[in-house]
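First chain A sits with chain B, and in the next complex the same chain sits with chain C.
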Partner chain A sequence: MTPAEHKEQPLLLDVRNLTIRLNSAVGLVHAVEDVSFVLREGQTLGIVGESGSGKSVMARSLMNLLPRRSVTQRQGSVVLSGRKISALSERDLQKLRGAQVAMIFQDPMTALNPVLTICVQVSEPLQQHLGLSKSAARQRAIELLDAVGIPDAASRVDQYPHQLSGGMRQRVVIAIALACDPALLIADEPTTALDVTVQKQILDLLSRLQTQRRMGMLLITHDLGVVASRADIIAVMYAGRLVELAPAATLFSAMRHPYTEALFNSIPRITDPSHTRLQAIPGRPPQLHNPAPGCAFAPRCQYAQQRCHRETPPVVLSEPSVSSVVPVGHTEHVHACFFPVTRPVAGGAN
Partner chain B sequence: MPAKKHPKIESRAQKFARALQQVFGRGFGPGFWLAVFWLVIVAFCAIFADWLPLRDPLDPVIANRLNGPLSGSLLGADGLGRDIFSRLVHGARVSVVIGLTAVSIGMIVGGASGIIAGYFRGHFERALMAVLDVILAFPWLVLLLALVAFIGQSLFAISVAIGFLWIPAYARVARANTLSVVQREYVLAAKAMGASTSRILLREVLPNVIFPLLAYGLVAMGLVIIVESALAFLGLSVEAPQPTWGGMISEGKRHLATAVHVALIPSITMFVTVLSLNFVGDRVRSRFDVKESNL
Partner chain C sequence: MKDKPGQITPLQLRERDDIVLRIEHLFVNFRVGKQTVQAVSDLSLDVARGETLGLVGESGCGKSTVGRAIMQLPPPTSGKVLFKGQDLCLLSGESLRQTRTALQMIFQDPISSLNPRRKVRDIVAEGLQIWGRPGQQARVREVMEAVGLDPDAVADRRPHQFSGGQCQRICIARSLALDPDVLICDEPVSALDVSVQAQILNLLEDMKQRYQLTMVFVAHNLAVVRNVSDRVAVMYLGKLCEIGDTESVYTRPAHPYTRALLASIPDMNPLSRHQKDGLPLLQGDLPSPANPPSGCRFRTRCPNAQPLCAEREPLMQTVRQTEHNELQSKATDVVSDHFVACHFPLNG
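Right, the complex of A and B next:
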């Protein structure tokens, strides 16, 4: 799809000024701060960030999956296909989860229940959301397993998770997620726990299924390389904030935020001469409790100036046309930095 | 990946045999099977005691008084001339019934409250744990005596009283296991697929908690039998003349100097039974522990 076609697709997910603060032993954790983005039907939004940058908390909060006890503050709105998530009752949420929105988790070793057969686990949502009978659900489960590329699905269906390899288990997890044809698939680091060879298979499978079923997908990862060729829009998160968001092609050709640049430069390139030093980002990601004022990336940023340590940079349009005010429901290139980088980065996306 | 040839249709019996083999198949050793064999005998005696060709356990034959083993009858006779073998077989019934009922009560009440506390946390958990700590802080024998005095000495009443004592232990085991299961990603995954709370408890949590509970049940049953015999020794278990192992030991203590077999035989029987229960329970538990860590 071209960007122009994308704009005509109806809005699937509209997240506005989402802020999540969690209770923890060390204090109030500012897990997600003022995050806004939209996702249209059939689009893929890649969310990139280091561990602890609030990606998973954000993803889980979209469906109110965070433990109620630990969420102390929740602001902003999440609108899915025109329905405001925070206004729904727990019962309505249960109907929505699985049927409208499904999630894939990081570790297929723990995402499947070890004491239930594959058949039971795949057919559970089918029976619940679609009201299929047990035998019909079983038949559908076999078809689903077949669709995600599990060989000999008819006999695999009665096996237990420990009888499958990691890649196979992740395929089962995907089959469960796709069981009720959700409109939105949230993939939370779907390949992090897998071997590199299997990673590509799983990602290709996800892209293929997404195109077939016209799902919207949130692809969360810490690997810029994973989203580079698969996402339509890429959002970069740092310390719970969205620091840059742009259509994939724009992001790689004209990145504005120093963090995005640093992330990009830290990818080793196959064309580099041997013994080239990896360009790591110095320092450590900040603790999310009791955040200091100013830009969270400032202590590690090579372009940081005094102002960066005092004020938090707002999200602004990278190519201001009329004004720099960010329009609602946009998919334009935005960043949150006072002193954005402008020089073109050597090399292209790999 | 080469397609594996699996038989497409497997009969229920084959499936069951395969499951049995998966759980109990290898590596238990002869000791385990010996223990199982003994427990099967005890269970058989308990169930069919009334139909076995035995002498009446309540019939005193004064002529046989304190006869030693193998003199006329298999294991001799007690102080009133009653057949010890027959009394042992009938006594197994009391031990097995009390063992099963008490453990079931502990498992169901304690297990359910432990799972609920571990899943919902919050005030219920704190209140439950406080109550359990209070129960555990009581000397168990005193508590048991009080309960028996209060609800009577029938078989059922004794089972309930001993079962009550087991609630805290089960609640703790269930809660601890639930706490670890709830953190697993498959519970979150089920929730993300729209599963309701009851579904999560029954489908995701219970099957993962029930095995450690059941395995613990075998060990607990051994302890229940000992507790029952302690009660019987104090004369507070099921009322005489109903034979119980503990009661037999208690009656035999008067003849320790002259006819040691009267107390020794039920003691050995009980010892072997409890040892077998512990042995089997321990092996089953370790088997499930291994499974846990592998997954």
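Right, the complex of A and C next:
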């Protein structure tokens, strides 16, 4: 899809100024801070961040999946297909989960119940949400397993998760997620636990199914390479904040945030000769409790100045046309930095 | 085993004076219930002084088992592990313990490989204490500074007070304390954050220079392996598929498996989806190592498999170097350091 086509697509998900703070033994964790983005139908938004950047908490909060007791503060709004999530009752949310929105988690072994057959687990949403009979659900389950590329689905359907390999298990998880034809698929590190050859199969499968079904997809990963060629828009998170968001091609060719640049430069390239010195980022990601004032990346940033340690940079348009005020529902290039980088990265890519 | 390999020297072993580590016909079997799983099958390779050998493959291919078998953890089922000409498999008890100080290991999860109840100072000094080496305090300070830790600030702290990256630095300091010749790194950066990974990779390169280390680097990330290695060995289901100079293996993979691995790496170019490559995609999963396919173990997933592949196991052969460089007019019959175990190797 071209960016122009995207603009015509109706809004699927509208997240505005989402802030989530969690209680923990060490204090109040600022897990997600003022995150805004939109996702249109049929689009893929890649969310990239290191561990502890708040990407998974953000994803789970979209469906109110965080443990209620630990969430102490929740601000902002999440609107899915015109319905405000925070206004829904738990009952309505349950109707939504699995039917309109589905999630895929990192570890396929723990996502599946080890004592139930594949058939029972794939049928469950079909019976719950679509009201299919047991035998109809079984038939549909076999079709779904077939669609996600499980060979000999009719006999596999009566097996248990431990009888399948990691890649096959993740395919089952995908089949469950797709069972009710969701409008939005949230894939949280769907391939991190898998080998590289299987990773490619699973990512290709997700892309294909997404195109067929015109699903919106949030693809959450720590690997910039995973989203580079598969996401329409990429959002980079650091310490709970969205530091840069741009259409994929723009992000790689004209990144503005120093963290995006540093992350991009620190990854070893398959095309670089051996013993190429890597441009490491000094220090480590910050703790999310009791955050220091200013930009969270400032202590590790080579361009940081006085101001960065005092004030938190707001999210602004990277190419301000009339004003730098970010329009609502935008998918333009934005960044949160006082001193954005302008140097285009040589070659732009791998 | 039907065709037990004779005493022919495997082709990929080099006749050089500076070979530090040489593995010949290594087999490692594990009992799983009533079955025997051949985790490593007839593997031979060598590492020269100051060289880094990258060992790659998918999970379950036996790459970590090779690293551990070198350390005799546990000793291999059969085969030789020659360290400076001495077969470690023939040593036992005290002599093995003594020789093994020259080989050290770093593991994947730096936090769980450090004793949480001990101070960093004691963790790093443990090897020196066991062997009663002189000048322990000075040595501990030296290696800690070498890995980028400030001894005054961290020596009295315990592992839980450090991040994963810092813990990996402590592990590296510990492994260097006894001044080893060989460092075996088993997935040393795969548990670390992307932004910290580069720091540790750079550190390992620095330590290699500073202490003249020979390294065996086991990892599944091909980009990481390319960055650190002089030579690369690709394993599949316990077998060595391809071995050679890093440049040659990465730019001209001869084994279909190596090529598939390289093609599976997510592309950093956002435009690449518009120009989908025609490279063969690996179908299916790794077969069970308890019941490997006959002949070539890769044949069940290989796009180029022929009937021969099911019948005969491919032997290691030299990859012919066809020079495409027209400026070099001389017929290039260079002694190639690139070997492949395939009946139908790819060219170029």
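We take it that the second predicted complex is superposed on the first by the 350 of 350 C-alpha atoms of A that agree within 3 Å, B and C clash if a C-alpha of one lies under 4 Å from a C-alpha of the other, contacts with A are read in each partner's own complex, and residues count from 1 in each chain.
By definition in this document, contacts are C-beta pairs under 8 Å (C-beta built on N, C-alpha and C of every residue); 3 or more make two chains touch, one makes a residue touch a chain.
As the structure is a prediction and not an experimental result, all values here were calculated from the model.
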Kindly classify A:V26 by the partners it touches after superposition: chain B alone (first), chain C alone (second), both, or neither?
-> neither
After superposition on the shared chain, which partner residues are touched by A:G225: those of chain B (first), chain C (second), both, or neither?
-> second
Once the structures are superposed on A, label A:D107 by its partner contacts, choosing first (chain B), second (chain C), both or neither.
-> first
Have a look at where A:A292 lands relative to chain B and chain C in the superposition and call it first, second, both or neither.
-> neither
Considering only the touch criterion stated at the top, classify A:F252 as touching first (chain B), second (chain C), both, or neither.
-> second
On the superposed three-chain arrangement, identify whether chain B or chain C touches more chain A residues.
-> C
Scan A:K200 for contacts with chain B and chain C and give back first, second, both or neither.
-> second
Enumerate the residues of chain A that count as touching chain B in its complex and touching chain C in the other.
-> 151
Using the touch rule from the top, collect the residues of chain C that touch chain A in their complex.
-> 58-59, 163, 165-166, 193-199, 201-202, 205, 220-224, 226-230, 246-247, 250, 260-273, 281-286
Note: in the complex, chain A contacts chain B through residues 60, 63, 65, 69, 93-99, 101-103, 105-107, 109-116, 124-125, 128-129, 151-152, 154-155, 161-162, 173, 176-177, 179
Across the complex, what residues on chain B touch chain A?
-> 1, 3-4, 6, 8, 121-122, 184-186, 188-196, 199, 203-204, 207-208, 211, 291, 294-295
Hey, which residues of chain A end up touching chain C in the complex?
-> 50-51, 151, 165-168, 195-201, 203-204, 222-226, 228-230, 248-249, 251-252, 262-263, 266-270, 272-282, 284-285, 300, 348-350
